[in-house]
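Going in written order, the chains are labelled A, B, C and D, and every chain counts its residues from 1.
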Amino acid sequence: MSHTQHAETWKQLKDHLPQWVTESKAHTSDGHVASYIPELANAPADVLGICIMDTEGNISVAGESDFRFTLQSISKVFTLILALMDNGEEIVFSKVGMEPTGDDFNSMLKLELVEPGIPFNPLINAGAIAISSLIAGSNPTEQVERILHFFRDIAHNPSLEINQSVFRSESDTAHRNRSLAYFLKDNGVLDREVDDVLHVYFSHCSVEVNCTDLARMALVLAHNGVDPIRNQRLIPRRFVQIAKTFMFTCGMYNASGEFAMNVGLPAKSGVSGSILTMVPGQYGIGLVGPALNRKGNSTAGVHLLGTLSQEFDWSLF
Amino acid sequence: MSHTQHAETWKQLKDHLPQWVTESKAHTSDGHVASYIPELANAPADVLGICIMDTEGNISVAGESDFRFTLQSISKVFTLILALMDNGEEIVFSKVGMEPTGDDFNSMLKLELVEPGIPFNPLINAGAIAISSLIAGSNPTEQVERILHFFRDIAHNPSLEINQSVFRSESDTAHRNRSLAYFLKDNGVLDREVDDVLHVYFSHCSVEVNCTDLARMALVLAHNGVDPIRNQRLIPRRFVQIAKTFMFTCGMYNASGEFAMNVGLPAKSGVSGSILTMVPGQYGIGLVGPALNRKGNSTAGVHLLGTLSQEFDWSLF
Amino acid sequence: MSHTQHAETWKQLKDHLPQWVTESKAHTSDGHVASYIPELANAPADVLGICIMDTEGNISVAGESDFRFTLQSISKVFTLILALMDNGEEIVFSKVGMEPTGDDFNSMLKLELVEPGIPFNPLINAGAIAISSLIAGSNPTEQVERILHFFRDIAHNPSLEINQSVFRSESDTAHRNRSLAYFLKDNGVLDREVDDVLHVYFSHCSVEVNCTDLARMALVLAHNGVDPIRNQRLIPRRFVQIAKTFMFTCGMYNASGEFAMNVGLPAKSGVSGSILTMVPGQYGIGLVGPALNRKGNSTAGVHLLGTLSQEFDWSLF
Amino acid sequence: MSHTQHAETWKQLKDHLPQWVTESKAHTSDGHVASYIPELANAPADVLGICIMDTEGNISVAGESDFRFTLQSISKVFTLILALMDNGEEIVFSKVGMEPTGDDFNSMLKLELVEPGIPFNPLINAGAIAISSLIAGSNPTEQVERILHFFRDIAHNPSLEINQSVFRSESDTAHRNRSLAYFLKDNGVLDREVDDVLHVYFSHCSVEVNCTDLARMALVLAHNGVDPIRNQRLIPRRFVQIAKTFMFTCGMYNASGEFAMNVGLPAKSGVSGSILTMVPGQYGIGLVGPALNRKGNSTAGVHLLGTLSQEFDWSLF
């Protein structure tokens, strides 16, 4: 795309974004805020906010773009990358597979039914728990420190912190995740203690951000691991390639195929109603809309990305 | 059966038992001692011992009948009965179902796939864990005390104790059982804390007995809840009926149907290679043979019971 | 039981049966007539009829005991027996297993998930289809002739015939059974052609009887293969033992465990609302009540058998 | 890419292709020719051929590029497109879903376990059978005619025909596909008769092609539905977008994720050892190597595409 074309697109984006957000906001009423973690259940259902960031760090925002939320499953993309940087592909893919599952994100069926009993991919809960155990560090505190440091670096925001009340809420109620973790321990997938691994897992799920943080993190992926604003490589390209492939095939839970067809961009959603996506080579995008559809994705957020993708022909295919 | 007939059968039993045990002992080499709990893996593979007790407390023993072992899954029959005595049928069957599963004893498939996500029956691990949580007592110590007291009463042996090294071994390695328990907790099946419930569960699995203890416990079931030696009712008849029905339909893991067809008696096996069974109205039977077949039952023990059932036409059908 | 005792029980049975039937009939409104085979959907929902036959052929009947219906799944017990008589245990149990499944009667899950992909038992649809292929005969017509001949002999009723409109209705609509049969063919379970096997299967399901026929057939099983009225052995005892064991562990679909606990007799139900059961050594029992509960068994029929079992203490345990 | 760059790439491709084919051919010995359809089992295991076609119709070939084979599962991409052209998205996606399954291509698990019991996507066997029933035509012959006409048009080859001996071989042995089709019929997914639908399905799987045909078909997809050589739109862009998305997320059976990570192009494989893939906007690629890996994809073919993707940086991410 030429410089002039980019400038035109950007202007159009800035001009129309508020209106598109308003239109999509109507869809917040089709969904429900996640209730299984008490602290998440407090989120206002009618919020929708978005931030789009270009190569030079210009941002286009609309809606409640200052709304703060926790990364939840979006963190899985970056812990995967960190685990790859810490261990290399061979070790990581001895603990998790590369395939979509077709099952619920917290399902245990394939762990019991399909040899060798490792999680099918790193973006389902079982896989992300396995990944948490692979982050370097001699103890959970060190692991969490390294993750926080990495997230802050990618987001270029040294003030990112763990939301302690969300962390406690998750930790207190996540019986299913404990069940998954002990199953993995039994299958020989986890080398560390279950409690330690879950401490790391709940910690990175509870990192608090806003849409601008997400957009900056996405921008680094959109540029294959280089932060284009600082012009600095933060992640080896191959690991970004791996991450984006997983985002495309399994990033939106059991609606990943539908999203790929209707939006066509690598994306990852979280149960906080957040979505991180990108236009490869161009923009980083972060949004939040806590009301979720049946598949666990932000109703208004998916609608808004559908509009944007169609307007600007962003689909990869 | 007349008194004379009984005396004849008993004589024949006493006379031939050693020879039948010798014949069945050859089958110990077809199986393998359970290895998933380290403390069990130490059991000698070639042991086979049996004790048969009649209504007056006479016993017929053969093989290594003094060999000591832990109850393991056999305990589930008696915790079920105690839970029924503590809570009644309605509460117990709101937490566990009444049906065989066709799945492995430690499977989680049906908990995820079949509404309302309660264990199919109280003899699979998930069901027995749910039952452990139902034993009356204000804390795990009290619950274990009550269980021990009940087991001692049924076995008429006040010296029954928990084998602490087996208990520790189970507790340290039972990741799969923890996984099951947290899944149950998530499904709302357990009112108590997982760690507390598992403490109770591992405790009753680790009660140490010998074949004579098993035979006495079985004798009470054979007489519908009355200890015929003391002529004392220990269990309401209805709860024995429930227990025996489960033993017949699901007592021998995924070989319960085969055992019902070839032996035809209510029975429960444990991973220690033990089997408790009975001839209704007549004998209580306890045996142990640590080498297990693929389905988890004592190879030599199943063979020996097949011989006895055929010789004396013990099958219920 | 002494002769006097028997006479007394029989009198009590005759006297009270009409009243118990009236009481149980109220439960017909809790269920629904099977709708998946159009011809069955026509059955009146409020019917309840029963026939109990003693060793000398005396009968006690109540309700709509002349109501005619098709055997449906009850036929599976007798084709199993005939297949055993034609092939022996070894061949039969190379094609079907001996275990309850915990799955729906028409489930295909375990065929796909559990090696070697044979039906878990002969009373689920997949198993009964496998059994149909084992009936001797050089073609389906011959096989059906042999089955009819056998059923007539057991029922001592030479006029038993296939209800052709039910047969056609089943054959036209049984896509799921065809799916099962082709799966079995693919797994190497069926040596004959699928269409031929299903012709046999639908034929024996469509044999029309009344409660007295069922009671007579049950009586033969109650007496281990001997028709006590003619004093003639019709089935080797071992095969009756096998059949009764299956009836006890899997005869009432996924409510077999519950039925075993609450009634405690070997039984087989059919989707026509029929139930065949027996008091071993004593009575043959046939009943029909087309309104089915969620598990596929006659609501009123199960209730009536519960009453009878409790009144006369018929439970095996 | 500039014209000069293209010319350079093309030259490099032509120059090195024979050597890369030779290198990849070594991997034919790691796999096995499909044996479940007798006619396919005859294919020579050591064949590897490829054709790459550019926008102007120039081709670069290497290996046994004249080898003839049947489309098998590759046909599913084009019947999906034709069904979309015949019915529109709404009708098509009422019969099949949009999600990867994580199960085997011929699995029936999700049809039984996941409401509403429709195939998860159009590229697994169940989904492709459902799609076959949606092709317009008043009878199977007409449907097959329309499919052949469409395939010939896309391949720009009027001589494409059905290989009748493969068709017969498939039709005679495809018990599992019949099982799938009857299950779909039972679930209300198929409006036509099972035999008719399967006639259509086996027919389009049996269309015989060579690598050049595949490359031309792929070229049309690479150019979003326009044949760039004739400069003629053959398929609406949206339907190509849908097809390519499915190819990326589920085109390579249960190794689709791995292929997406290591090759990064939309692709579809067939059990004949064929793969159709493309470099979007540039090349159409067809290859064949009958020796398959455990997941059902050509071992040598996957290796060769990995080499090409790395050499020319073709991965989408």
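A few notes on this one:
The definition used in the following text is that contacts are C-beta pairs under 8 Å (C-beta built on N, C-alpha and C of every residue); 3 or more make two chains touch, one makes a residue touch a chain.
All figures in this text were calculated on a predicted structure; none of them were measured in a lab.
Note on A-D: across the candidates B-C, C-D or A-B, the interface recurring with over half of the contact pairs conserved by residue number is B-C.
Put simply, the chain farthest from chain D by mean CA position is B. In terms of their C-alpha centroids, the spacing between chain B and chain D amounts to 56 Å. Rounded to whole angstrom units, the spacing between the C-alpha centres of chain A and chain B is 49. Separation between the centroids of chain B and chain C, computed from CA atoms only, is 32 Å. Annotation for chain A: residues 113 touch two or more other chains.
Viewed as a network of touching protein chains, the structure reduces to one closed ring of chains, two contacts apiece. Listed in rising order, the residues of chain B touching chain A in the complex are 107-109, 112-113, 175-176, 178-183, 185-186, 194.
Taken together, the chain B residues at the contact with chain C in this complex read 97-103, 110, 120-121, 240-242, 244-246, 248-250, 254-258, 260-261, 264, 266, 280, 315-317.
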